[in-house]
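What follows is a pair of complexes built around chain A, which joins chain B in one and chain C in the other.
Entry: the complex of A and B
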């Protein structure tokens, strides 16, 4: 009975939303025109980066905070005490990791750099960093990126710290939050993206490891 | 410029308490005291200059994001910072070491998200702040580390994500249809085409899920009653009103010009009335104190939506009623939850029939509960009374006798459940119970919150003039 009801509600919703979408005018009234006209002042030539890191940098600041809270929320549930010690014992993985990790890190730096004028940027580079850290962790390398160390906590919050620092700096310079001066905008954006790459990489890695240690405890 | 510090400061405090967990209590309390000062500064500036915009990044909409400060946002920011500071003082004693390690960071981030929400003027930015406060409230609910709390938190997570997704779909439709996410620009461009109606429906459903109006209230009692006491307090006091605030902003500038108010007026009034009756009856039959208070929240949300419906019907006094009910309910309900937290700590349980002479042994807490109850019932001179009085006046102006009767009946039922608890504070149980000591600040905080809820009744005129700065309900007024 409930299932029948749910099917009816969902299909009504589907019909309504698809009718609304189909009735939309062919040409979207988006903001791409406005983005292209102002792009010269943004300091980068990739429209996505310009929107994320300059026009709507404030949204990105809040999104970094969301990511950070997600990680802290997981910590508050799992109370990680020791390093999670689930490792895949495989000589192939170890050799492969040794070869791949330097390249992956190099690739993430490239992605970060290329974000200024083509597809790429902090989020892509950050997931690369986390992927290589996960690979290292699974192959059993001895390294520690856990929040017991003040240094790691600093790295985790690096992106937010840099964001807040630049926010205060721009407030001091121009009385407007995150107003990046046109000439120096590209430097500011690069610093913001570099910091975001580090934080995103380590945050994603820690989310992965926290889930691992959780499963281990249940057994 | 002051307004941005209300967002940056809690973020900064949160990060600092994450990096240096040793001093997290000092950092947390210090941040809240500073935030309160900044809200005062903002209020003075607003009185001086009137409402104003802050163009983030100097871009201005449609390209950038604008912040907007007016009387309504000031009142909500003031509420958030007062609640934030008092609950922090309470939480300092409440949380044990293990929990307080992560509590302060999440807590400060949640307050930053709330402040950002009350300052926002951009429908996508609203979504990001909703995610921030949603995730942090789920994490804080789960902090009490019991089976119920985990179930409650999980349900809360699913509901809050579902609500966010509905809302986001609406944002996408509005952006595609009208080419902006800024409320002011949208209000000029919006026309009555199917996309606008679909967005209206989706966004309203998403936000109603988060506000827990009657048919969507099913997740609220468990989540609110199993969370740690200060978290229950903030959830009932501010978090469910944050989504109502977005609803308010959206309707007053976007959806009322569409001419949608007629159907929704009836809908909100209907479900609001059902919520009042159902929530109050369920509260009356509860055997555990925290559950009783949580169901009372379900009923109070009903009042808020009755006021909302009357306001949509063009009765301007209903807007004042709505804001006043938000404020008085926030103060009174948080006082009640903190008292329940005290009792839970004192006895180790919160069964109402085994309260065992609380009136003698914890007189301050009992007084706090009684005073908060006075405001929840809406007895004269309290803050709740002013809100309900305006609500009654609005319903009589509208000659809507069903709503008038519901409001009166709800008051009667509230008297029932408040006095049910108060009655058992005097009785003695047959068996003796072990008790634990409660620090004085944990008793004084709910008392002062309850006194504030009563005192709200005496400051109606200045508060209303503060709320009117920038005329947040202007668009409604010019409607015939």
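Entry: the complex of A and C
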């Protein structure tokens, strides 16, 4: 009986969604035209980076805040030991980690750099940093990037600090929040992206470690 | 040129077909571990799809976060769930 109702509801939903898709206009106008006309003022030549870091920098500022708050939430619920010495026993992982990590870090710097004029950018570079940190952590390398240290806390909040600092600076310079001056826009964007890469990388790494080490704790 | 278009069409059809199949399998398969593996493969194929659509930024984010990080988190949650279940079983026996 329930199944019957489920089938009816799902098919109604399917018809509705199909109708919505079919009734879309053939050529969606979107905002791409507006972005392309303003590209010259953005300081970068990749439209995605221009939108994320210049036209919609306020959204990105809030995204950084969301990541930061998420980490605080997870951290307050977990038990990251000061010297979490957790490793998976695998010789393959150890050798492969040693070979891969330098390349991964280099690749993340490349992604950060290339974000100005092609696909790439802070989020991709940051997740690459976190992936290589997780690889190092699982291979049992001795290093601590945990939020007990003040320095790591500084790195975690670096992007928020830099974002807020630039927001205040632009408010002072051009009387509008995060309206980057046209001439110096590329420098501002690079600083913002570099700070965001560091913070995103370490935040995602710590989110992983918090859950992973909690599981070992229960042994 | 014609054959290239046909090959692309075939590839796209294969891609979207396997995406739908993987989504179905992820939701319906009985074993949790299998579902996680299906989910990771789904994420990888989804990033290929984003690449086909020309959204390379999204593809990169998807492959690192969707397949990599989420997969690792799901796997460690799975291990934790197993431990809790084992403990419950032992308590029941006692």
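A few remarks follow.
Quick note on the criterion: the second predicted complex is superposed on the first by the 198 of 219 C-alpha atoms of A that agree within 3 Å, B and C clash if a C-alpha of one lies under 4 Å from a C-alpha of the other, contacts with A are read in each partner's own complex, and residues count from 1 in each chain.
In this text, a residue touches a chain if its C-beta (ideal position, glycine included) is under 8 Å from a C-beta of that chain, and two chains touch if they have at least 3 such contacts.
Keep in mind it's a predicted model, so treat the numbers as computed, not measured.
Clash-free side-by-side placement of chain B and chain C is the outcome of superposition onto chain A. In the superposed pair of complexes, A:7 makes contact with neither chain B nor chain C. Of the two partner chains placed around the shared chain by superposition, chain B is the only one that A:16 touches, whereas chain C remains out of contact. By the touch criterion defined above, A:176 reaches chain B but does not reach chain C. Contact with chain C, but none with chain B, is seen for A:211 once the two complexes are overlaid on the shared chain.
The superposition places the C-alpha centres of chain B and chain C at an angle of 100 degrees about the C-alpha centre of chain A, rounded in steps of 10. Here chain B and chain C are compared by how many residues of chain A each touches, and B touches more.
In the superposition on chain A, contact of A:48 is made with chain C only, not with chain B. When the shared chain is aligned, chain B comes close enough to touch A:69, but chain C does not. In the overlay built on the shared chain, the residue A:121 is in contact with chain C alone; chain B does not reach it. Contacts of A:134 after superposition on the shared chain: chain C is touched, whereas chain B is not.
Of all C-alpha pairs spanning chain B and chain C in the superposed arrangement, the closest lie 15 Å apart. Residues of chain A that touch chain C in their complex: 48, 111, 119-121, 123-124, 127-128, 130-131, 134, 204, 207-208, 211-212, 214-215, 218-219.
Against chain B, in their complex, chain A makes its touches with residues 16-17, 19-21, 23-25, 28-31, 34-35, 38, 54-59, 62-63, 65-66, 68-70, 72-73, 75-77, 79, 150, 153-154, 156-157, 160-161, 164, 167-168, 171, 174-180.
Residue ranges of chain C in contact with chain A, taken from their complex: 56-57, 60-61, 64-65, 68-69, 72-73, 76-77, 79-80, 83-84. Within the complex formed with chain A, the chain B residues making contact are 1, 4, 8, 11-12, 15, 18-20, 54-59, 62-65, 98-99, 101-103, 105-106, 109-110, 112-113, 116, 124-125, 128-129, 131-132, 135-136, 138-139, 142-143, 169, 173, 175-180, 193-195, 197-199, 201-202.
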